[in-house]
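Across the two complexes that follow, subunit A remains constant while its partner is subunit B and subsequently subunit C.
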Partner chain A sequence: MANTSTSTSLPFAPSRVFVHLTLISYLLLALLPILLVFMNSFKSRDAFFNDPLAWPTPETFSLIGYTKVLGRSDVLMYFGNSFIVTIASLFFILLFGAMAAWGLSEYRFKGNRWLKFFFAFGIMVPIRLGTVSILQLMVELNLVNTLTALVLVYVAQGLPLAIMILSEFMGQVPGELKDAARCDGIDEFRIFFQVVVPLIRPAIATVAVFTMVPIWNDLWFPLILAPSDKTQTITLGIQQFVGQYATDWNAVLASLSLAIVPVVTLYALFSRQLIRGITAGAVK
Partner chain B sequence: MASVSLQNISKRYGNNEPVLHNINLEIEHGELVVLVGPSGCGKSTLLRVLCGLEDISSGELRIGDDLVNDLPPAERGIAMVFQSYALYPHMTVYRNMSFGLKIHGANKADIDKRVRDAAKVLHIDHLLERLPRELSGGQRQRVAIGRAIVREPRLFLFDEPLSNLDAALRAKTRIELARLHRDLGATMVYVTHDQVEAMTLGDKIVVLSEGHVQQAGTPLTLYQQPANRFVATFIGSPTINLLPARVIEVLEAGARLQLSNGSKVLATVDASQLQVGETVEVGLRPEHCEVLPAGVAPAADDTALDAEITLVEHLGESNLLYLKMDDGQELIVRGDGNAEVRLGDSVIVRAAPSALYLFRADGTACTRLNPGNMRSAHAR
Partner chain C sequence: MKLGFSWRVLVFIAPALLIYATFSALPLIDTLRLGLYTADDTGARSFAGLANYTTILSDPQWSTSFWNAMANNLKFFAIHMLVQNPVGLLLAALLSLRNVRFAATYRTVFFLPTLLSVVIIGFVWQLILSPLWGVSERLLSLVGLGDWFAPWLGLESSALITVSLMSVWQYIGVPMMLIYAALIAIPEDIIEAAVVEGASPWRIFWQIRLPLILPTLGLVTILTFVANFNAFDLIYTVKGAVAGPNYSTDILGTLFYRTFFGYQSQVASPTMGAAVATLMFLVILVGVAIYFLAVQRKLQRFAM
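Then we have the complex of A and B:
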């Protein structure tokens, strides 16, 4: 605070005002569309065409969208499909990602660096570039219109980033801790699952959040690999309410609002882990 | 418990210079051996070799009668206490101590008994349900030792276990370690760079430098009869004074030498290898000197050096006097704490011929003929 005398009237520095303004405007930009969807999902069709920016009032309030959406049993199935795909992908990404990261960061072997580079390369190349070949492959394997196809693609998509982030964190686990475990006669698998993984839980939660949201929101691969009635995910299912000539806006807005809820819940669960620094007390 | 034998142990990484050169060492059953040396001397590497965390490039390592070169740490019957304690942060003290045993499928009641017994010995029995982050440094240290004890190893390894503790706690824990060693009767290898720990804890001290064993022996042997200049400078605080000199006469009972300021001194060492005219160094420990006022004439064969006081450190029980001789050589002398001294005073530093050490140009020491006490109170 070099200029204390001149800035005594200001409770905060001008540069901080700028930072906060920027962040607040970004927040509004990100949140307003969601708020708009949420707000209008509780209004009747006429009401949101008359005044889309108004809050629902007792006159305009309507649950017609929700009753329509929840009344259809296939919507629940779409939710189920999205859940299965997201959770299964997440499970395999975290499991294989953490194991690969451990292998790459803990053991020195020939080709270690090249393998790391190969995985890093996966972050740079968008998986959608390979859509045509992926579709061909899935046709060959008879996996079209199965959730397995989606899980496989998402695992491939999520692994590079997961390995990258987790191997950084694995490197920070103190070497003496692993040495101590080896002296205790604990085998490498147990060291990984019972000593290292508990310590990098915050990192695993970070990776989970980063990979979960794009998978839940994805429309591309469900549309191409699993568009059948039985395998649609919620993002694809919502499109049924969007017609070429007429769109059921109540249903679209209601289902969009519903689709946000699970992913926000999962985020809230994981983000508690993000904040926690669990290594405290391991070593001085 | 078991003896340990190292024969020609070498360790190198890739094709680099070895970090350990032909280490030969016998550790007796129940002995506490301290490895000391400056940082980078290989003492921690040697410990990790004993533990099995580093493999041996050549040589033979035996624990008890078993050749353990290729055994993993868990099968060597060792337990190690790390400098950072390396407690599992997400487990309670109880689980930290029992984890290794449980993995090996020991009987649950047996595990419980061992953990509780060890906890009682270490006075941590009230902390068993706590997490490591809720403990103080000293308590974590005990848990780490407890985790080693419950394994009932043949050999304990300590890697600078006290260096993370504050001074008061370090002194206390040091005494407890000594007591623990006596009570368990365990064979222990202890790495430190602190010579007080080395002198007080060790049955035997091994001084390492650049991957070579400089000397192995009891603490008092190392102090009184160092094998070379390195050991003499490493053991003892403040560091031994070294004064360049020339041999002017070789006697049955020692050597007469001329220092660079011209004064002549007698050192009672085995001088049979020395030749007149040879360049040597005289070693004089700060605590073996006496400070006399200028003008007092010391006995005929005593060393007497004229010097001026340039700096004084008052330690209470003694004064550390930093002196400068007329030819510019500096000396450190431990003087009586009750003596009144002033900066700039001229004094005479007196030392008996038997107090002197003598080092040849290649660093090897001449055996002292009348060294001080070398018998430890703990000698078995």
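Then we have the complex of A and C:
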């Protein structure tokens, strides 16, 4: 920020103290619970019961929880399932979402507005309310306890918001570019994939981060559509696992920490993108 | 240059439309229809008109649990409105002040819990509040409030508030981010002018910035409403499908789950489940309708 604007803001030191005091207290409130679980997951059972607030020391350090959890081969499979479901859903949401956004924002036809409204409806009304019929449909399609069922539902869930956000960005693609390409006789599909998609890549990344989080974290649909041992996602796996091991605190703490690490790592890598996406999207 | 209809439009729109219609829109409509049917012991369904709704709303047992879940859900929403959104607004207002050092770090950390799975958050807080582990008691003693501790999650009087606050803690990042984005979008010159006129930061906030972000506060309210009346994961994780103690944490989402899948002595009933889902749909629809008709019309910022 330029110096000129600094000089116009009031030099109020006391309130600055208040500002930072509030922010730091909330910072502690947001971080401490996670930190507490993480740090105690590296301690022996006695140590975390006797002094839960201390950092692990060489005497209290123990990996027993982790060996127990990772000793179960299914944990890795749960992670694998979550990866497959999330990546596959993301791929189809972005591909079909971008295509539909282009179709809706670039072409004027009868029913265009109606279709937009139809999709927008899905942003406000949660897909969960249709669960009774979704389960019935999956039974008829023989897809219960398959990852395909989850992918289909998540794609349906993610499309409305993806289409809305991407349409906004499609509108910003300069008309001359498209017209020039059309004058050169380039096919509509090539214009879309080779001119438009590369231009809206940042928007696609934003939508990707937005849609990924709820899919990875969802408990409802894995619980209802794919609860079998082979198809559990990590969120459902942790839920069942912790329930099972309720009294084995080492295992509980370790499995929670293991579930937190990938999300925190991804967040550390993409937080700028995500936050920029949220702030840019909301400004509109 | 906007193009007219051609077969290409179909190719562009069809995949999204097909999946969205088949797995989201049609099941929702079908659920509304199913709510009008009953099933006998063999599973054969017959049209029953509004019988399911009469049962839910007038049968003593059903109506008690329905209105209990509804009241709890309203409290759940009220706590979010009274704690989550004001604190989110406060944090956003502080972060959007000029030259706050480490603003980016604060922002990043405040948003972190939102990204974690509800399951993780539920268990983490369950551990922390557990009287067995005693972490919260110890932390409270550090500030001299040790006697204050109680097994909040297990008490009928405090379980709902505790679970609501856990949810507030997790999702506070959402209102914070949306409000923050709106605050930094306010043109600098408006604030500059007020500063030059000698307005205090306090007055600038209440009389200039707050009125300008009213549309965002409306949006935050409706998002909170929809999310709260659709909530399930946290309560299921922390209190199970029975939402104890004595249904004191039961909300519409958990009631829907129990009705649909059955629990203990109650038989699973997809048609009753569909009726509960329909009632949830109506509640959400009313909320959304009020938002669009009253709030949005006044604020005129809907850009679709």
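Everything that follows uses one rule, which is that the second predicted complex is superposed on the first by the 220 of 284 C-alpha atoms of A that agree within 3 Å, B and C clash if a C-alpha of one lies under 4 Å from a C-alpha of the other, contacts with A are read in each partner's own complex, and residues count from 1 in each chain.
The rule is simple: contacts are C-beta pairs under 8 Å (C-beta built on N, C-alpha and C of every residue); 3 or more make two chains touch, one makes a residue touch a chain.
Since the structure is predicted, the reported quantities are computational estimates derived from the model, not experimental observations.
Novice: Regarding the shared-chain residue A:Asp179, is it in contact with subunit B (first), subunit C (second), both, or neither?
Specialist: Both partners, subunit B and subunit C.
Novice: Kindly classify A:Pro198 by the partners it touches after superposition: subunit B alone (first), subunit C alone (second), both, or neither?
Specialist: In the superposed model, A:Pro198 contacts subunit B only, not subunit C.
Novice: When both complexes are superposed, which of subunit B and subunit C contacts more residues belonging to subunit A?
Specialist: The partner making contact with more of subunit A's residues is C.
Novice: Applying the touch criterion given at the start, work out whether A:Gly80 contacts subunit B, subunit C, both or neither, answering first, second, both or neither.
Specialist: After superposition on chain A, A:Gly80 lies in contact with neither partner.
Novice: For A:Leu53, decide between first (touching subunit B), second (touching subunit C), both and neither.
Specialist: The answer is second: A:Leu53 touches subunit C but not subunit B.
Novice: I'd like to check the shared interface: which positions of subunit A are touched by both subunit B and subunit C across the two complexes?
Specialist: The answer is residues 179, 278-284 of subunit A.
Novice: Can you check the complex and tell me which residues of subunit A touch subunit B?
Specialist: Subunit A residues touching subunit B: 174, 176-177, 179-187, 190, 194-195, 198-199, 278-284.
Novice: Quick check on the complex: what are the subunit C residues that touch subunit A?
Specialist: 1-6, 8-9, 11-13, 15-17, 19-20, 22-28, 30-31, 34, 87, 90-91, 94-95, 97-102, 106-113, 115-120, 123-125, 127-128, 133-135, 138-139, 169, 177-178, 180-182, 184-185, 188, 192, 195-196, 200-201, 216, 222, 226, 230, 232-233, 236-237, 253, 256, 260-261, 270, 273-274, 277-278, 280-281, 284-285, 288, 303-304
Novice: Could you please specify the touching residues of subunit A with respect to subunit C in the complex?
Specialist: Checking each residue of subunit A against subunit C gives 1, 5-6, 8-10, 12, 15, 19-20, 22-23, 26-27, 29-31, 33-34, 36-37, 48-49, 52-53, 92, 95-97, 99-100, 102-104, 106-110, 115-116, 118-122, 124-137, 152-153, 155-157, 159-160, 163-164, 175, 178-179, 188-189, 192, 213, 216-220, 223-224, 235, 238-239, 242, 249, 252-253, 256, 259-260, 263-264, 267, 271, 274-275, 278-284.
Novice: Which subunit B residues qualify as touching subunit A in the complex?
Specialist: For this pair, the touching residues of subunit B are 48, 51-53, 72-75, 78-80, 82-90, 99-100, 103-104, 131-135, 137, 140, 147, 151, 164.
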